[in-house]
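Have a look at the structure that comes next, please.
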Amino acid sequence: MSATRTEPRESAMEPPEPTGKTRAARHVTVVRELGVVAVLVLLVAVTFATNSRFLSEQSVRDLLLGAAILVVLAAGQTLVIITRNVDLSVGSLVGLIAFGTGKLLVEYPGAPLVVAISVGMLAGAAFGALNGALVALAKVPALVITLGTLYIYRSIDHLWASGQQINAADMPPGFLDFGRSAGVLGIPWLAWIALVVVIIASFALHSFRSGRELYAIGSDPDAARLSGIPIGRRVFAVFAINGALAGLAGVLYAARYGTLDATVGTGLELEVVAAVVIGGVAIFGGSGTVYGAAVGAILLTTIDSALPVLHVDPFWQLAFVGLLILAAIGLDRLLSVRLTKRMKGRSAHAV
Amino acid sequence: MPSDAGSIAAARRSVLRSVAGSWDFVLLVILAAVLFGAIGWIDNFAETITVTFLLLDVIPIALMATALTLVIVTGEIDLSVASILGLTSAVLGQLWLSGFPLEIAIALCVLLGAVLGAVNGLFVAGLGLPSLAVTIGTLALYRGLAYVVLGDRAVADFPFEWTTRAISTIGDTGIPVAVLPVIGLALLFGVTLHATPIGRALYAIGNNADTARFSGISVSWTKFWTFVASGVMSSLAGIFWTFRYASARADNGLGLELAVVAAVLLGGVSIFGGRGNLIGVLAAVVLLATLQRTLQLASATDEVLNLVIGSLLILSVVVPNVVQMLRQRIRPTVLEGPTP
Amino acid sequence: MATRAAGDSNTTPILALHDVHKAFGAIRALRGVDLELFAGEAHGLVGENGAGKSTLVKSLAGADRPDEGVVLLDGEPVELAGPAAARDAGIAVIYQEPTLFPDLSVAENIFMGRQPLKRLRRIDTREMHRRCAALFARLGVSLDPQRPARGLSIADQQLVEIAKALSFDARVLIMDEPTAALSGAEVDRLFTVVRGLCESGAAVLFVSHRLDEVFALCQRITVLRDGAWVSTDATSDVSPDDLIRRMVGREVSTLYPKQPTQPGDPVLDVRGLSRTGVFDDVSFSVRRGEIVALAGLVGAGRSEVVRAVFGVDRYDAGSVLVDGKRLPPGRPAAAMRAGLALVPEDRRQQGLVMELSVERNTNLTRRWDLSRLGLLNRRRERSSAQEWTSRLRVKSAGVTAAVSTLSGGNQQKVVLAKWLATRPQVLIVDEPTRGIDVGTKAEVHRLLSELAGEGVAVLMVSSELPEVLGMADRVLVMHEGRLTRELDADATDDEAVMYAATGHSEGDR
Amino acid sequence: GGGTTRGDDEGPGDTQDSVGEADPNAEIQEGLHISFLPKQINNPYFTVADGGGEQAVGELAGEYEEVGPSEASASSQVSYINTLTQQGVDAIVTSANDPNAICGALDQARSAGAVVVTYDSDTDPACRDLFVNQATAEGIAKIQIELISEQIGGSGQIAILSATPNATNQNAWIDLMKQELEKPEYADIELVEVAYGNDDDEDSFQETQGLLSSYPDLAGIISPTTVGIAAAARYLSGSDYKGKVALTGLGTPNQMREFVKDGTVESFALWDPEALGYLAAYAAAALASGQINGEAGQTFEAGDLGEYTIGDGGVVVLGPPTVFDRDNIDDFDF
């Protein structure tokens, strides 16, 4: 994907008018996240109003547990999308690694947590690296490659699991406990892990040269090549990292749900991409933050658990999810357009 | 973008294109190989009934892929096709229940398809939102509405002549009658894409929307209509689906979108827009269906099929690139337009 | 014919090319070129469009690997693996077309990959912005370092590119037509800076089609023709005419052959056109057979005005009339139907679909005219494309070649072909000869005046005063988004135009 | 079933009897090609059930095969039925994802000479020869209400966590459970909501969360689906509600063992899927060999399970569901 698409892509997205002065420009990015946050707050508020137990310790914990896995995936996907790529194979990858983790722990119930996690992440990294190698070396569109590996990884999962299911009962209780119980400050371990991932990822993106180079690659691959950025290596690395995070997510999934079969994580990829885009990450690369993506992920999971609480007719729930996704990206656009307008006004005086 | 990087990238692309131009040829070769292999080694394959079953499976995918090709050529994507199929099916059932004559119900469903497509188009072309995100949203929304309409019910008692009409064949050729209109539509779209000013505009937009705008092409308007077309074709697929399986229900065609996208991409259409052609897409659709029948008759499981699909997808983009890397030095970069 | 640089003939060149060959498929872009850059010299490189200048630059920059020949750094053969390698060798390059990251801030664009660091190898943003501001000050550019690069005019982009190159404090500075988008003031400032670099011992390679600039800046000038080395002389030993003869390989007739025409009645009428923040209350009219130049400093808003007139940009107030009929705003198609044509400023972004063939590009504006009953006829498409490309003498591997493989100037010709093919009655050209060699330039000018002769109304945005004065019947001068003066071309001189462009009134003279 | 009909039924073709006259003392032929087509392969429940089928086919010296889609959808089942038709198998034993969608294909299969037995989930009776019912819907509804009632002490709010909103079985059972609740002895039990976990572990998990946070006084949950009950149990065991909120329904011992042992679940019910598959295979063989043709009153031998009699509408009932609790759960392994 790196070398193949150039300017027009963006221009297709953004109006050609000058984006203008920075203060405003920075506002845009800030507000991009704020938009989603607003939606999130609103949703929580409404839900809480109708049912106070929605914010009871138990259900907040459930919420965090639910969000953690999606957040981890969103963080990884953000890195990929910023480089103007995308990884659709994460859903299959989560399923595969989750099942593998289950297998591992059934074989060696004694295996310590760190082992499970590092094995999962390594395996994930390997699969991610395969994606990366194909995308970076063969210089072909990531969407096609990862759509391919989506099928391949899933069928490996099916062939491996072939009808058997790993039940929570077979899993070491300690592991399952880690997946459910609260840790420091009553916040679940999974949530802590997700938080750490997000912080590290956005720090790396923001304040290291390699991080900035990812934005450059996504912003204009050919210009990136001419400024001597090792596009191939960066893209490869990004896919490997995303794979590792998908692996982590797989392990977390195994820990939280315990019951594992070949269908785990089916269709997750679209949810992740949705989360990232809702979080204000430009689908065609170059801009966006991990924090935004994380908020997007939290919003999606909150929607899922809020609707039943709001007594939304089960047949309406899916429709609502769709509506809210559209609302989120629509609002995001509205805000940024507003700001571009205001900036123009300013630059009028500034020019 | 600097002229040199541009021209190099373009030289690469151009050769890639001239190979990709022949990619649909490659597909046809593979298809032929699979067919001969199947006829040779798979029992019960060489029967007219195979043709029937195969084409019946092809029709809905072909309908959706045809229109989706136009959308992707302009550089956008529509992931809501399968959900539109489901919603149309649900509505068709509901209308039939509430006593509408089928002719009218069908007309309304096609209209519905147009509207659903228009909604996508409005968000993407009108508000300039990224189509990937928008259609993930409508993917959920439309499927959700399907459940709202029909809930857990399944409408099954469509008149016999309609349900048989959907699967009846031309004499004893084994070719379903329903294939004829599909071929007609495919021709319509093919000509539009490859031999009309509109088609040229689509390719221009897919490659550089700005230049298209500066050349007097109304980019958003054009994109809008591609989405409408996609909606209509998906609704037709939904109608066919309903009658073929004699069952209207909310979860019809659940998750089919990836299969359709896969078919289009496998057909050599560039996900970035601006490149690809319909012959390749249709070849890909038929190839996938044939593979499925063959593997099933060979008592292979779905996993094998998915493995093959996945690998083919990857090959579809890797092979042309490798070929181009080999040719780059040798061959002069004489280029064809996007059309064969 | 080749002579050594005055003086330091004993020293070894910092950077040299020896017998370099480069072919793109059938096209032999470079055929055994030699070039030597000495410390402290500014070296001019001139040649027709497609002569191979940019290709040579790319070879020096490590962006392209030559097929044959060696690059010598301080006399040592080096293998420039890529742009990074060249950069590390102290070679800074300004490419013909800007290479910016639209999503990143101007400062990041300049320091990408070389951002100043603080503890833990973290990027020191404050320091980065400081340095960036310093650079801009040095160039006299008024740009906010934190402003995103998206939306910068070509000129501003070019300035950022220059700042980027300077930020290396490199030993070798290579500039491929850096001034194409700039106007007097910026050019002068750029030259001062470059001269400063030369004095501090850097070598500069300066590619340009503006001979006056080349003579003003360089000590030695190398001429390329059809990818082959023709000559290298000390500036003092050659006259512009010699160079032009060597570049073109033939005598070039007078450059600005505008025949006087009898202007007819007004056809394009712009009334009180305004757009907040960009331009304000712009009114003028253009008559049949008349060439009106829109002059002004870069950033005056000329392109915005013509884009608004053509309908690709919105405008907040005012109206555009053709033949007295009001054009619906924001509808290029309608403008085209009314007989308007716009050759835009940025050929890569707005003029061409780089990935598509010359044919597809040339016909893009005439899709419907070429079709019968909505169906296109291959033969007609082909012949129409061939007709117009040959009329404009486009140099390419054929009408099926992707325009991205054409040289800058030839690309510009394709844009012209594409619009002339619509047989407009009002032709708007924005920087029509940017990055075009003298030969082609003359052709373009002849074309424009021919069209005027045929009664076409021509509106020309240009930053080149000689062109403006040579071609135009009337000169409209813009300053900061406003029409400040209207001058009769015959009765004015470049001074008067510059005064108006810089916002002075007649009195100040 | 969930099928909705409009006025006069013009439904798909009338039953044509592909088996002809039955001959009670016909021998079970050897080498019968019997194919199992579950709702979805790689689904543990069907893996077990079809395991029973395989055993039976083995005993009958037949040829066993399991094919099926990896996603439970009617359309992909149709394409498998088409394939089996082409392969000319003797018997198709299938569990329908949609009562009508696969009818056309089944009719084709039967006119091509195959006998069709449905198990676990029936199709329109017109398009199969025999339906092997795991347990009567009434029986299933009854037992679950009994269990929940005794677990919550006969009064309180309960909710149902079902599979997909249009799962044929579950909906039939839920309707019957509602009728069952009408009875006076259950007057104090209030059914507050039916939630849908889509037979997806995570969804069911979240739906359970939803139920508990929206109904503070919820006393018990019935989940008539193996996926649902397992997920619900796991949620409860990890939450403050463990032991406070009762849970019962249909589940497999292997999935539920942990939670029965740790006291999250007192007791739950299910038929033995293995026996179900086993019986279905025998029925298919009997049909294919012409021993029976699906008419009510006919009888056939089902190996270890003994003799079975065909009821009205061509239905064979496996028997009453088994109730699993702390005492007996270790006797089962599926």
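To keep things simple, chains are lettered A, B, C and D as they appear, and every chain counts its residues starting from 1.
In this section, contacts are C-beta pairs under 8 Å (C-beta built on N, C-alpha and C of every residue); 3 or more make two chains touch, one makes a residue touch a chain.
It should be emphasised that the depicted structure is a prediction, and the values quoted were computed from it without experimental measurement.
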{"item": "Contact-richer chain pair [A-D vs A-B]", "value": "A-B"}
{"item": "Inter-chain centre distance, chain C versus chain D - centres from mean C-alpha coordinates, in Å", "value": "75"}
{"item": "Whole-Å gap between the CA centroids of chain A and chain D", "value": "38"}
{"item": "Separation of mean Cα positions, chain B and chain A [Å, integer]", "value": "28"}
{"item": "Euclidean distance of C-alpha centroids - chain A vs chain C, Å", "value": "43"}
{"item": "Where chain A touches two or more other chains, by residue", "value": "6-8, 11, 16, 158, 220, 222-223, 225-226, 282, 315"}
{"item": "In chain C, residues with contacts to at least two other chains", "value": "63, 95, 99, 348-349, 354"}
{"item": "Contacts with two or more other chains, residues of chain D listed in rising order", "value": "41, 70-71, 165"}
{"item": "Those chain pairs that satisfy the touch definition", "value": "A-B, A-C, A-D, B-C, B-D"}
{"item": "List of chain B residues in touch with chain D within their complex", "value": "43-45, 47, 49-50, 53, 57, 96-97, 99, 147, 151-157, 159-160, 163, 167, 241, 245-247, 249-255, 292-293, 296-297, 299, 301-303"}
{"item": "Chain B partner contacts - residues on chain D that touch it in the complex", "value": "1-6, 9-13, 41, 65, 67, 69-71, 73-76, 78-80, 82-83, 85-88, 98-104, 124, 164-167, 171"}
{"item": "Touching residues on chain A, where the partner in the complex is chain D", "value": "51, 53-54, 56, 58-59, 62, 66, 158, 161-165, 167-169, 176, 180-181, 257-259, 261-264, 266, 304-305, 307-309, 311, 314-315"}
{"item": "Touching residues on chain A, where the partner in the complex is chain B", "value": "3-9, 11-13, 15-16, 134, 138-141, 143-145, 147-152, 154-155, 158-159, 220, 222-223, 225-226, 267, 270, 273-274, 277-278, 282-284, 313, 315-323, 325-326, 329-330, 333"}
{"item": "Sites on chain B touched by chain C in the complex", "value": "1-11, 13-14, 191, 195-197, 200-201, 203-204, 207-208, 210-218, 274-275, 331-338"}
